[in-house]
Each structure stands twice: as structure tokens, then as C-alpha cells.
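Both complexes below contain subunit A, partnered by subunit B and then by subunit C.
Moving on to the complex of A and B:
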């Protein structure tokens, strides 16, 4: 099931909230959430739900073993075995086709390529499970003795399919002790509507632009057309994924959970390191804590760790070379900034810092988009103007201008919202000491969200496919 | 080893790692207070602190220390000299 769907918004969610509200004890509320989460998952993945159940049971059991054999070599064996199986499952279900294709290409063998459809959310819940068993082993969380409570953590539908990658420590206390008041419900609902609006009103429309230009062979696409489309695509990825995270965080809040933020206006960054402190924060912090800081050959290795992290970040996004390239591309810029030093970079003029970061990010999204390496090469030929010089593509074309003319307000609005403008407006009203201003802010935000919900609902009547981009990761 | 001594020695380690003699850490100092303290420099810092106090941080501690105060408490409990 997806969030941007009328059935979810008007049937599934209200029904879940009613059952949750009717349940008196927290333990019953937890059961309600587990049942609804499993239905939510099974809706689209009736078969792979078994994999989710297996993964949750297996990792819970590994946790129990770690607790039982604490401070003995067996605990190390348990955590090692746990991680091995988790990674193996990922390799089988996500990367087997990629591995076999490359093996065939290198060796000339003809091993049949496995046709496995990716179980939705496997990259997210597997990482959550790995974080849990490592945290148990490092004693930063207590082992969860009850399976259903661990299942609740792993399968909680707001964050099950596309993150954020919630740490067990974030919800550990709230599984057993949480409450929902009117403010939680209201704030959570407003956040959900905001996320839906980001997805349905902005991201979906940006996607149709991208599809018009990049949906076919891009040979011959003009220089300006390529720049225009990749900028729109960068905005699209942000709105699609941060919209999803908003919905996840909002839904969590409606059930009394407080997930960490996953995005903090990444395009406002002035260094690439800062971009990644603001973009998909839960993934970056996962790799930092569970890979970068892990000792290799006796101690953590700074530069080896850096490239390992970026290789894995790329690979995590998909089983294709362009994703690995995309990760390593960021690794290089991280190394560059590390060698340059923050103090020296701070002296750069602010305009230059924004030009540098936005260029790196936008070109990076080019690598991210084109899984076909031939098309990726063509993208760089187009965007740098080499195609134009070779007379195989024009500088501009009428289609780009007409698309820009038709969508200029959408794009400008998207750029504005991607920068930290809304929080400033919100804090102006909601932190005001003037009662009238505060009241206008409260009523206004509810009114705006009601209008947004109405628009989202109308738009959803006509659309059938609202799958979020990050579902395939 | 008393807290004052730990902080004096931590000051020297921090000044050395971040190449800045003006740094003085307090229990409340976090990575946000020191410009160059990012996840990569954290690795350098941890090894330098471990060398200075002849001790080892546990894996979970490296990522979960909230501020220099927590770092100092671990050092106080585990340092050998």
C-alpha cells in the first residue's frame, strides 16, 4: 500500500486510528499497530511478508543470543552470523541479478540471471535490523525480550517501506511508554498532509517534466534542455523522498512515536559534507556509526572507511553501476573538502559556495538517474555542450522553452519550498508573543492544510500510479 | 586522575588534532562547537585520545558519546595513566 492513495488516506488510516483509539491498554494498541502494519505490507507484497516475518524473528533471536552469551566469544559469533545472514538476504533479493550479469560479462559464462522482484522496503528494514543487533552487541540498547515488540519496531507501517531508518534506541522507550494528545494528532496530521502535498502536487508534476525529456533516448537533446531537466529532476527527488519522510514522521507522531528528522533543507547547504548532513540523514548516520567507525585491521581507517562508506551508499541505492559511481563521486568530493579544510572553505564567497555545491549535486543526480551507462555518457556530452560543438545537438530547443513557460511557477515554488522558508514563516507566527499573530498562525496552518488535502484528494482521483521513488531501494 | 587533569590533557589533544590553540573544551562541548569536528576527524580524535590516556573506547561509545563530558567520564573510569 502507498501513502499517496485515497484508500490509504480515507479508509486505512482512519480505521487504524479508530481501532488504536478504542484500544484501552498500550499493549493492545501495539497489537493494533502490528496487525495494521502487516496488512499494509501484505497489501502489495502478499508473498514477501514472509521474508519480513523471517527477518524480524531471526534478528530478534540474534538479539536474545547476544544477551544470553554476553561477554563471551559466542556473542561475537551471534552478531557476526546475524549480520552475515542479513547481508546475504540483501544480496540474494536485491543484488543477485546484478552480480550474475557482471559475472557473465567478465567470465563470458552464461549463468541464467535470476528474476527476483525486489521485496519492498528490504533495504530499509534490513538496515534497521542490523543496527539493532549491533546496538545490542555494543550494549547501547537493551535486548528486547518480546518478539512482538521487536516486530512492532521493524514493521511499524509509517517507516516500514522507505524509511527513515529508525534506530531501535529512538523508539525503545516509546514502545512501552507513550501517549498521544490532541497536539500530537493535529501536528502529525498536518505533517502528513504537507508530505502528501509535496508528493502529489509538486513531485508528481515535476516527474512528468522529467519524463517528457529524459523518458526517451536523450541523444540530440539541447544543452539547455538537459540542464533544465536535470535541475527539475533534482527537485523531484527531494520532494518525492522528503515528502515520504514527512508523511512517515507525521504518522509516527499520530501514534505517539517521535522519529528523527530525515531531511533538513539539503539544498541550503554550502558544502557537500553539509549536504549529506541534511539529506537522508538516517542513512548517512547509519553508515557513519556502523561502518565508518568500525575498526578494520585493528582500528578505524579514515580514508579507507570514507570510500567504503560511499561505495556502500551508492550500492545501497540500487544494483547498478551508476549508483556505485554516484556514491564514489560523492566520496571524491568528501575527500576534496577534507583535504581543503573547513576553515579554508569558509573563506570562499557565499555565491561560489552555492554554485559549487549545487553544481556537484545537480550533476550527481545525472549519474543517479541514468542507469544505462551509454545514456549517462550522452548526458555529460549534452550538458557540457560537447554534443553541441560536435553539431549533434542544439544549444536550445522550443520544447524546453515551452515547458519552462508552462511550469515556471511550479518550479519557482518548488525551489522556494526546498529552502528553509516555510519554517521561518511558521516560527514567525507560532513563536509570536502577539496573541492575534499566534492565532492567525494556528488557524492559518490548519486552513492551508485543509486546502492542500482537498487539492491532493482531487489530484489523486485521476492518478493511479503514485509509487514513491525510494520504494525501489 | 582528577577531572581537571583530564580536561587539561583533553585540551592539548583537541588543540593538536584540530590544529587550533584557542580550543578549550568543557563537559558541554559538542561537535557543533568545533568547526572541524566531523565524522572523519572524530576518528582521528578518538585515536589521539586513546593514545594520550592509554585506553580504548568501546565500539558503541564512539558513536554514542553526546559531549566531551561523557568522553571524560569514560576516560576517568578506564584510563591507565
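Moving on to the complex of A and C:
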């Protein structure tokens, strides 16, 4: 099931909220959430729900073992075995086709390429499981003795299929001790609607622009057309994914969970390092906390560690070379910024910093988009103007201007919202000492969100199940 | 992430207590969500008296939640209580149906997906929401609307069929072909049996060439061209070009199998972008004339090619293509049919001998695809031309089992106006005419061909019509067993270069060697008593209620020979 869908909004969610509200005890509420989460997952993956159940049971059991053999070599064995199995599952279900294809290409062998459809959300819940067993081992969290509570953590439907990668430590206390008041419900619902609006009103329509230009062979596409489309695509990825995170955080809030923010206006960054502190935070912090410390690197491990992290970040996004390239591309800029040093970077004029970061990010999304490496090469020929000089591709074309004119308000609005403007407006009202201003802000935000919900509903009639981009990962 | 100060930490050492930088994001004050600050339930419980602001906060929250629940409940009730839509007129399709449950469909995930699709698709008042959605999308940018439009060339009034009836909103009106009644010299030869139009395509002058004019209204909307010519919006697919090799190979193959007694004709139907693309868009649209010439070069000697792109261009200022649909108007089909008839050396009745009828207010598929309200608000006046001559049209299923006799024009509602011709694509149709020239034509077509058929009723003794996508008989057997003398392939440029061309090869291969018999022999068709003569022709064609009278015979005798 997807969030941006009338069936979810008007059938699944109300049913779930009603059942949740009717349940008196927290333990019953937890059962309600587990049941609805499993229905939610099984709706899209009637078969691979077994994998989710296995993975949750296995990792819960590893946690138990770690607790039992605390401070003995067996605990080390348990955590090692647990991580190995988790990574193996990920390799089988997500990367086997990619690995076999490349093996075939390199060795000339003809191993049949396995045709496994990627179970939805496996990248997210596997990472959550790994974080749990490592945290158990490091004693940063307590071992969860009850399987159903661990299953609740792993399968909780708001964050199950497209993140954020919620750490166990974040929800550990709230599994057994949480409450929902009117403010939680109100703020949560508003956040969900905001996320839906980001996805349905902005992202879906930006995608149709991208598809117009990049949906076919881009050979011969004009220089400006390529720039235009890749900028629109960058905005699209942000709104698609951050919209999903908003919905997840808002839904969590409505059930009394407080997830960490996953996006903090990444396009407002002034360095690439800052970009990754603002973009998909839960993934970046996962690699920082769990991968950067892998001990087998010896002396030059600083650089190995860095590039391992960025190799994995890229690979996590998809089983294709362009994603690996994309990760390493960021690794290079991180290294560059480290070598430059924070102090020297700070001295750059602010305009220059924005130009540099936005350029890196936008070109990066070009690598991110084109899984076909031939088309990726063509993209760089187009965007640098080499194709214009070498193959007399046009500099501009009427199609680009036509599309820009038809979507100018949408794009400008998207850029505005991608910068930290809304929080400024929000804090003006909600942090006001004047009660009237505060009340206007509260009532106004509800009114705006109800209009947004109406628009979202109308637009959803027009789109049949437009899936979130991050489903792929 | 670039924070390496803890790099020397032992991976396997316990890390309790939790590192402070586990959540460094929290410290960033850039735009921390204000929402999170208000809710700390544990803390609130300890306070005996809530502050004024907290009280206000709780009251406003309760109020907000109350309002949201009520509005949300109303929307949910609307979705559940009102009758669900089943058909979309705008998108010209039946909406999704509730899926049948089976274990196979469940475990493949298609059952659950289809349930959600059904729910989303059959929202009450689907088309109303769809139109609303398109209006919302209009706000995304600056779409040009007609009032601000100025095209490069001022409007010319010389066309004899501007859409005037669309504006006055009449229901199906019968209008005689205005402006052509007086032109009856071409009818003089009719009685003699071989009629050619007064003006042959070759002699006509070149008309207005839209491809030489810039038009600033050109826009790309959902991969389609939207343009305003002479204050009317038009939406068209930009032809992508293609080699048509599969098409040519199949025709060559067919020629080698049917022998020399049968002439194979290839007349691809150009689509609107061949005519109405302005100069500033021409680089982005495939050249259909060149494409068709390329296809013709691939055809073996003996296969006759008819390229009608130039003929269409000569009549570009007439209403030869629908503006809101991907098809042509009957008038466009007429010029193509005339060109073919001339090449085939068969008689052909001038358009003025037909009775023109129209369906105003037609909005075709291009609105559904473009979702552009300018197309919705500028509907077409759909024209069709009823022949004066007598004919009997017999309808067969795709395996050539006789079904019923009927008109060449079906009763359709406005939204499906193009189905007027033969009632759609799927049937095999046999037309027996009053011509006695021994020529038997088989038309292999897609939907474009449907509009040509009425114009051949004065040209061939018998016409068989089969759709390239649906015919289930062996094509070679069909040609031989029915005694076909001419096979006309007439389908849109997209079918010639696209997947439909592959199907011609299937038609040749499927059921090879079968014997085909016609289960419904129509007795000789007699000319109507009001058969036009040199003097009476103009009067008979104007004003009579012709839709019914051409085939009032025989619509009842469907009981015979159904097997």
C-alpha cells in the first residue's frame, strides 16, 4: 500500500485510527498497530511478508542471544552472525541480479540472472535490524525480551517501506510508555497532510515534467532543456522523499511516536558535508555510526573508511553502477572539503558557496537518474554543451520554454518551499507572545491543510497509484 | 558524517552511555520544527496548573482535531455513500472493476492492488473531479488562452466548413454540404457509371502551408503538441518517425503469397502533426511524407503506394482533422479515399453527392491525454457523410461469422462520435454496393480506415473491411476465397511504424491454409429509385433524413445464417 492513495487515506487510515482509539490498554493498542502494519505490508507484498517476519524474529533472537552471552566471545559470534545473515538477505534479494550480471560481463560466463523482485522496504527494515543488534551489543539499548514488541518496532507501518531508518533507541521507551493528546493528533495530522501535499501536488507534477524530457533517449536534447530537467528532477526527488518522511513522522506522532527528522531543507546547505547533515539524515547517521568504525582498515583507514561509507551509501540506493558512482562522487567532494578545511571554506563568499553546492547536488542527481551509463554520458555531453559543439545539438528548444511557462508557478513554489521559509512563517505565529497571533496561526494552519487535503484528494483521482520514488530502494 | 574525531573507537567495545553526538541534528537551530517543542506529555503531567498558553494550546488543538474529524468524515462518507462511477466519458474508457479474488491473484499482489485501483478509479463523479484536477493544474503556470493569442497569419474565411454549429449547441443537425451544391458539373458523368471528381488531386493548388508559419501558441503538454490556429485549439501527437520495415516486409510477403491477380495498395494515413505543425515546431516532429516515401521504397515492385500527405496539405484549411481527437475528420478521409480511387482507376462520387451530417460538441481522446482544459472548452464539430447510393453492410465477428446487417453509421453518443463509422473497430464488415465493376476491395485498416469506407461505396462492387489488430482469419485464404481483386492497407502512421505492423505478419501466418466461406450472401443491390441523375442529384442529397433510408432494408433479417 502507498500513502498517496485515496484507499490509504480514506479507508485504511480511518479504520486503523478508530481501532487504535477504541483499544483501552497500551498493550492492546500495540497489537492493533502490529495487525494493521502487517496488513499494510501484506497489501503490497503478500508473499514477502514472510521474509519480514523471519527477519524480525531472527534479529530479535540475536538480541536475546547477545543479552544472554553478554561479555563472552559468544556474544561477538551472535552479533557477527546476525549482521552476516542480514547482509546476505539484502545481497540475495536486492543485489543478486546485479552481481551475477557483472560477473557474467567480466568473466564471460553465462550464469542465469536471478529474477527476484525486490521486497518493498527491505533496505529500510534490514538496516533497522542491524542497528538494533549492534546497539544491543554496544549496550546503548536494552535487549527487547518480547518478540511482538520488536516486531512492532520493525514493522510499524508509517516507517516500514520507505523510511526514515528509525533507530530502536528512538522508540524504545515509547513502545511501552506513550500517550497521545489532542496536540499530538493535530500536529501529526497536519504533518501528514503537508507530506501528502508535497508528494501529490508538487512531486507528482514535477515528475511528469521530468518524464517528458528524460523519459526517452536524450540524444539531441538541448543544453538548456537538460539543465531545466535536471533541476526539476532534483526538486522532485526532494519533495517525493521528504514528503514521505513527513507523512511517516506525522503518522508516528498520531500514534504517540516521536521519530527524528529526516530532512532539514537540504538545498539551503553551504557545504556538501552540510548537505548530508540535512538530506536523508537517518541514512547518513546510520553509516556514520555503524560503518565508519569498522576496524579492519589499518593506517590509511580514514580514507578507506570514507570511501567505503560513500560506496555503500551509493549502492544502498540501488543495484546499479550509477548509484555507486553517485556515492563515490559525493565521497570525492567530502574529501575535497576535508582537505580544504572548515576554516578556509568559511571564508568563501556565500554566493560562491551556494553556487558550488547546488552545482554539485544538481549534477549529482544526473548521475542518480541515469541508470543507463550511455545515457549518463549523453547527459554530461548535453549539460556541458559538448553535444552542442560536437553534434550540433540545439542550445535551447521551444519545448523547454513551453514546459517552463506551463509550470513556472509550480517550480517557483517548489523552490520556495524547499528553502526554510515555511518554518519561519510558522515560528512567527506560534512563538508569538500575543495569544491572538498564536491562535490565528493555529487556526490558519488547519484551514490551509484542509484545503491542501481537498486538492490532494482531487489530484489523486487523476493519478492511479503513483508510487514513491524511494520504493525502489 | 564528516566528523572523524571518534575514529579510533574500538568497534567491539561497549559504548554505553550513549554518545552525545548520536543525534547531532538536534542541536542545529536552523529550522528545528516548532511542533515538537509543545509535546512533552511526561513533563506536563508533573505540572499542577497549566499556563495560559498551554490551556489555549489544548483548546485550539481539541477544536482543530474536531474540525478535521468532521471534514474528514464528510469526505469519507461522500466516497462511500454516493454511487460509484463506472464509465469515464472524458477518458473514453470503462473504469476499473472490482477484482475477482483468487489465491493466484492474491499472492501475486494483483488482487490487493486492483482493489485499491478500483477504489481510486470509481470515485463518485469521477469526471467532475478529473476536470477539477485539470483546472487546478492550469494554475501551475501561464497557459496561453485564446483571448491573448495572435497567430502569424490573420484568419481566412475561405473554408467552407468552419465550426459554427458547435457554438450554437444544437443537437444532431442535418446540414447539407454548404457551398458545394451548386458545383454539380462533376455529377454529369455519374449516370455514365464512371465518376471522377471535378478536380483531380494532382490539379489542385497548394493550400496554406502551416509548416512555414511560426506560431507562438505552440506548447508541449504531456508530450503532446497544443497549438492555436485561427482561434481554435488543436492537440496532436508529435509523430516520432520510424522505418516501417516490419510493415513493408509483411506486405512484400503477402504479395508473394497472393499472386499477380491481386493488387496490393499501401496508403498510410497521415496524422494531424503532418499538417498543422508550425515552423517553430517542425524540428521536433517526424516528417510523415518522408517516412511514407521511405516505406514505399521498401515495398516490392507491383505493390502500389499512395502518399496522401501533400493532398492533405492542399486542403489544410478545411476541416480535415479533428482538433480534440487523434483521428481525422471524414473530410480528410474523403481526400485520401479520392486519391486512392483515382490511382486504382475506379469511379468515385464527389463529396457533394453525400449528405453531410454532424455531431457538435465532440471532445475526443486528446483531451484525456493532454488534460488540457483549453481542448475541453473548444470542442469539435464532428462531421460524417452519408452516401446517396444504395448499399448493404453486413457485420461479421472477427472469425468471419455473420452477425447482422446494419448501416455503415452507428448510433453513438457525442463522447464516442468517431465510433459513428462502422460502430468501431472490431467487426469484419462486408459492403455490397450497386456498382457492377467486378472490383472487390479488402481494406486492412486501423481506426483511421473506418472513416474511408463510406466513400468507397460508389467505387467497388464489394468491400471487405478488417482491422489489422482483430482479424482472426488467415489473410491469404481470405483474399483467395473471397475473390478479392484489390487489398488496401490504410492505417495511421503510428500503426505503420509501430507494433500494429507486426500483426500483419501474424495475419498471414495464422490458420494458414484454412478455407473461408461467406455465410451470408447478399442478393444483388439495386440502385435506389431516387438514384441520382444529372439533374436530380443535388436535390436528393440535400435535406432528406438519410441516416436511416439507405439501409432500411435488411436490418431485421439477422435471424438468417448466424452460424
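Note that the second predicted complex is superposed on the first by the 467 of 473 C-alpha atoms of A that agree within 3 Å, B and C clash if a C-alpha of one lies under 4 Å from a C-alpha of the other, contacts with A are read in each partner's own complex, and residues count from 1 in each chain.
Note that a contact is a pair of C-beta atoms (placed from the backbone, for glycine too) under 8 Å apart; a residue touches a chain by one contact, two chains touch by 3 or more.
Bear in mind that the values here come from a model prediction, so they are computed numbers and not experimental data.
**Student:** Between subunit B and subunit C, which makes contact with more of the residues in subunit A?
**Tutor:** Of the two chains, more subunit A residues are contacted by C.
**Student:** Touching A:305 in the superposition: subunit B (first), subunit C (second), both, neither?
**Tutor:** In the superposed model, A:305 contacts both subunit B and subunit C.
**Student:** One more residue to check, A:24. First (subunit B), second (subunit C), both or neither?
**Tutor:** In the superposition, A:24 contacts neither subunit B nor subunit C.
**Student:** Considering only the touch criterion stated at the top, classify A:343 as touching first (subunit B), second (subunit C), both, or neither.
**Tutor:** first
**Student:** For A:260, decide between first (touching subunit B), second (touching subunit C), both and neither.
**Tutor:** second
**Student:** Going by the contact rule set out at the top, does A:423 touch subunit B (first), subunit C (second), both, or neither?
**Tutor:** The answer is second: A:423 touches subunit C but not subunit B.
**Student:** Once the two structures are fitted together, what part of subunit A is touched by subunit B and by subunit C alike?
**Tutor:** 138-140, 273, 288-289, 292-295, 301-302, 305, 334, 338
**Student:** Subunit B touches which residues of subunit A in the complex?
**Tutor:** So the residues of subunit A touching subunit B come out as 134-135, 138-140, 273, 288-289, 292-295, 299-302, 305-306, 334, 338, 341-343, 346.
**Student:** Flag every residue of subunit A that touches subunit C in the complex, lowest number first.
**Tutor:** Residues 1, 5-8, 10-11, 14, 42-47, 76, 137-140, 169, 178-179, 181-187, 189-191, 205, 208, 212, 215, 253, 258, 260-261, 264-265, 268, 273, 276-277, 281, 284-285, 287-289, 292-295, 301-302, 305, 309, 334, 337-338, 394, 397-399, 402-410, 420, 423-424, 426-427, 430-431, 435, 438-439, 442-443, 446, 450, 453-455, 457-462, 464-465.
**Student:** Which residues of subunit B touch subunit A once you look at their complex with the stated criterion?
**Tutor:** Within the complex, subunit B touches subunit A at residues 35-36, 38-40, 42-44, 46-47, 58-64.
**Student:** If you look only at subunit C, which of its residues touch subunit A in the complex?
**Tutor:** Against subunit A, the touching part of subunit C is residues 1-4, 6-7, 9-18, 22-26, 28, 30-36, 38-39, 41, 52-53, 56-58, 60-65, 67-68, 71-72, 75-76, 79, 106-109, 112-113, 115-117, 119-121, 123, 126, 129-130, 132-134, 136-137, 139-143, 218-223, 280-281, 283-284, 371.
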